[in-house]
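Shared between the two complexes below is subunit A, which pairs with subunit B and subunit C, respectively.
Now for the complex of A and B:
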């Protein structure tokens, strides 16, 4: 086998690209994932909102189950399901409605009896626990829930000469057992008087379920992490866990290089040229999945009119631009597709399956 | 009810200049502004301190005023001026007769200029088209219009003057043909109050007509919209003008880390609710690219419009926007309409704000029988900075941060320095484009400054926070939290502030339909709309 020839090249490592690569790999294909970085994972936490989509969308349930299974295996399990509407707090003290979320965010939903402590960290200027607690209390009252909120600040040591930052705390949570214990000890007196503790996202860039559950058990209460302004530590953690999982099942990563050009000849994409140092790296494949986000339509030149039922990009006349290319994720925004991460998972899953020759149809909404 | 001698309506450069001039003459005055200082035409222009070259061929009087004021502003407000110099570029497609006419006219009014060959010009400004025929130099400069306005207010306040922002005048009280005072409403709190005074000065700019109506007189002002584009690099070191009859998009002004291209000239019904069309943007970019070809590929950060409040003398009511003089008019409504104590100042431009203020204050002085001459032309607008504080600042902050903070804060830098000494975490740079520290942010939001910020937009006008590529997506959030932490707002008010701020920042980017800034805007929409479910792009 040629070293640079793949069954599938997936372009883009956001939630749709990852799902698509995992789906194709699950069918035994040789998959390359090319990307410039972790996509939109740096912005959020991967929460999935199904509300904007029709729950009866073909393959939606199958795709979501696939994704849940993938995150479980990656040690970054999601809770919830298609039919659920769950309220998760944000750093602006508002509530975001989601159907599925990583377990470390799921616990933030208010309930009749919850006593919630919002915890800030001294010197971490991009998160203000007083502001968040005051706003959450306001919305909770407005929506008729019974939760109460208090704000507490804790102090954590910083590495000498550095300013407190979520990246620094996240890194230390991963590698420094003393830091974890320091955090536990600082939270303990607060957790004693609360049944939910909300804190800014700092619990590791690579940590898995067990590392976070450890803290939860030690504190004896539920934890809820809020992604701060980008980069979002929970989002990067999810990406790192999923990447590790994908590597394990054989997906090969080409990270850090933008696509220079798609070689399209006779209605087929023959190869992808990456902008690597010195000279472009040429990767060829049987199929290409473009999950490159909402601003990448120009890669296909004439792409403007969206996709057909098989997720092939088409031009304004409805003609397929390349019959071995599929589009997935936010690139479909241009054709009016809605649904955020749910749509990304759905189209990522379907494109991966189509690349593997499994007949799944995308019914565009 | 408060009492003073003079009330000034309008907090642009002109109103602020009048407040300062009156304070130097010892005349008590209060300035009322319906929004924030420098929110109208003052804050929505190129920030070009004209050398006079722009008007020299067509309007020698306006050009002469610029020649004199250019020198004066550079002398009295060096902290507001970036003395870049300027070029008038001879483009191959333009009329060579105009070039010579321009050069001759400059000589006649002593506008200092030098003739450059194409090679010399390209050496100075490599981004000019390679086929230019040559260029002329001139003393154009960039002026920070926000700082200029704020410095006038700050200095006036130090001499006992007062000002109120977000206070809209509801009525001008006139009794027996004589001004008695004004009634105003605080638009943030809804409170109403009155001020008794002898003289009311209408420095309302684009709103001058509405203000005049409150006194029952007519002031013919033509609102002439100019649209400007902010680009994310300095594509030129100097102000670049096209040497031809003034037209659209023929001035590019380097302004700090960005540069500003403009303008259009379109008559609009009034100063509010300005919109921009795609055709207008494309028209400006196409013309701009003839002057600086790199503009065709440049990233547009933001698009904004302002209105030139052009004074239309009754004899010239048929003229179009570019034909009306950029000169100003002082209207004494006592002589004109027998309304004693009401004065309007209209037309003009930022470069001549001081001269306009002087004309007003000379008239006010004679009416009030105050025999003190104008000294704004010699008096420095701001006290020298504190050398010891500056030395300390260099130890606490990186050099580029100190340089910017020193320019913006002057003597107040000492307060920032002592705040950081007491709480080192305040050295954090909150706005990375304009290098605004947390200390400066807290200072402008606090009560130690005489010109406190009441909104996040005000913070931007004080510090330039949010003026760079992120357009407030990250630093606006931090400014909101700072306002909450310094107790300027409670959590609910802070949220509302941030929503208003996002609307305003998003609006200026919404006209842009391609390139990196569209991605930036989507990021902001998705973050605050989808991810945080905080504020939707549709607005409220």
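Now for the complex of A and C:
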């Protein structure tokens, strides 16, 4: 067999593409994940809202459970579930409603007994603790949730000639044990008077559960980390952890070179051509899953007019463009699908399973 | 290489490049590819004077390019600006030499014994530190009698050569002057797999010249190489590299460097289109059912760790060596995937950059120690040097592992 032949090629390394690749790999398929850049992880934290979708959507629960399990194995476990509504603070001092969120954001949910310290870092322009604390206090009072908020500033060392930045702190949290201790010592007096500490996302781009729980244990209080302006450290951490997990289960990564062409013959996509140096790299596969996001759906050209119940892209007349191509994730927004990351996980999971020949159905509303 | 001026406007400031940059990760004072590339480029193009000191700290690893979701040629913007940096006289002299490993190799291999003896002497290294700003922490690689151009010294029998495809092996300076034995091994490996190899009449590929801020020198090397090899390519031969940086340059750099001369640029494109990494070629051979799998049984299991050099990743050919070596009986191989080694050719030799080089490599060193292999396999010679320097673990070129497997069973 050709070396560059795969059971499945997944295009796109966002939440949907990653879920899709993981689902196909979990069924023993040989998977290639082709991407340029790590999706939208750099912009956010990957929280999942299920509210926008009908809870009874077929396969939704199965898909969400699969995703939760995937994140657990990757060391960046998500908490929550379908039908749950939680309120997680944002750096704008508002609350976003989520159903699932990574464990390091989870503790920000307000409750009767929580005394919350919002901690800023002197000189870090992308996180204003006074602003966040004031607004969160306003909302919780208005809604009668009972949490109290205080704003606190800490000072952290920076490398000479630099201003404080989340990327610097995140990298140092990963690589420098002294920095972790410095952060712990700076937070200690604040943590002594609070049971929840909210801080800007700086706890490493690669750290797993144990590296973050270490800090929580040392402080004796709960931590909630909020993504700031790009790069979102918690978002990149989620990507790095998931990528490492996929590599471990044998997914082959082709990173940095866009797909320029699909080779479609007789109603099947035989191969994709990557724009690599010197000459295009040809990857062939039994199945192609397009999880390329809303802005890069142009591979299918103007022919695509949405997807059918099996997630196959179809033309205006409803005819399937290629019977071994599936679409997943935000690319489906062009054909009216809604539901953010929940939809991305659902369609990623279904497409991966369909590629493995497992019958799951996508019921588009 | 993807190169049009529009690419600058493609930058969305998402910072993916900064999170992927090994120097940013290890050394927070470095402003990062986003700033040094697209952001400052706008000012440079307006003729506004910008600070150029940090440009020198770009490793040229191309990880920013691979991380960019919007196809900005980040590293190229930095590489082009590098030439504008004014160096102190000592550093300028040092980098003049570092930009010319071919010349250095020629001189030092006139009497390799004397060169190797002198380069290892403490006082010589102390003097190089003072007068050349070359770190005394590192040892220079040993120099050997260079690999002669032309047909290999162990010729194929006419029966073996019958019907096999002609390939031209581009050795590059390191194989030429420091590891000529590896060059011979590469030729044998090609013969084992049904190719008729010959050694290219070649000069330095030009990567070190570009990295040391001397595109003019790189241009000369590119032109010489193109003129030397175009006839063979026109006659249907393929060019094979075993050094990932040379391979990267032949595939992505020649045509760009020679864009001022359209006839030469055209030839350079043809050369690029016919250049293959040796493992890439062997994988093609495997797909054609012609990969030699006559492995000798291994005396003992062999535990290896694979480090993919940055210039291997930037070629976009997947992981051919990893997959080839996995097929050898008795070999267990782990892909470390632990980032850049930090050596970046001559970068790690520079006294002022040595600490950054080691900081960058620390993640890889930790991964090597955790994996505890009998040897690390990597196709880049300076990655090998850095791994040995940072961990004490043996580092070898995959060509040697595969050739050993044919001859005597897998061993490091």
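Methods note: the second predicted complex is superposed on the first by the 361 of 365 C-alpha atoms of A that agree within 3 Å, B and C clash if a C-alpha of one lies under 4 Å from a C-alpha of the other, contacts with A are read in each partner's own complex, and residues count from 1 in each chain.
By our rule, a residue touches a chain if its C-beta (ideal position, glycine included) is under 8 Å from a C-beta of that chain, and two chains touch if they have at least 3 such contacts.
Note that this is a predicted model, so its numbers are computed, not measured.
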Room on subunit A for both subunit B and subunit C (clash or fit): fit
Partner chain(s) touched by A:126 [first = subunit B, second = subunit C, both, neither]: first
Subunit B versus subunit C as contact partner of A:96, first or second or both or neither: first
Contacts of A:277 with subunit B and subunit C, given as first, second, both or neither: second
First (subunit B), second (subunit C), both or neither touched by A:175: second
Partner chain(s) touched by A:163 [first = subunit B, second = subunit C, both, neither]: first
Which partner, subunit B or subunit C, touches more subunit A residues: C
Which superposed partner A:340 touches (first subunit B, second subunit C, both, neither): first
First (subunit B), second (subunit C), both or neither touched by A:230: both
Touched partner set for A:43, first subunit B, second subunit C, both or neither: both
Apex subunit A: angle to the C-alpha centres of subunit B and subunit C, given in degrees as a multiple of 10: 90
Touching partner for A:256 - first (subunit B), second (subunit C), both, neither: second
CA minimum distance (subunit B, subunit C), superposed complexes, angstrom: 5
On subunit A, the residue positions that both subunit B and subunit C contact, one per complex: 43, 230
Residues on subunit C engaged by subunit A in the complex (per definition of touch): 1-2, 13-16, 18-19, 24-29, 32, 65-71, 248, 251-252, 272-273, 275, 283, 286-287, 313-320, 323, 335, 337, 362-363
Residues of subunit B that touch subunit A when the two form their complex: 425, 428, 430, 438, 474, 477-478, 481, 484-485, 490-492, 494-495, 498, 518-519, 522-523, 526-528, 530-534
In the complex, subunit A residues that touch subunit B: 40, 43-44, 90-97, 123, 125-126, 128, 130-131, 134-135, 138, 163, 227, 229-230, 294-295, 340
In the complex with subunit C, residue positions of subunit A that touch it: 2-4, 36-39, 42-43, 158-162, 165, 167-168, 171-172, 174-175, 205, 230-231, 236, 244, 247, 252, 254-258, 274-279, 281
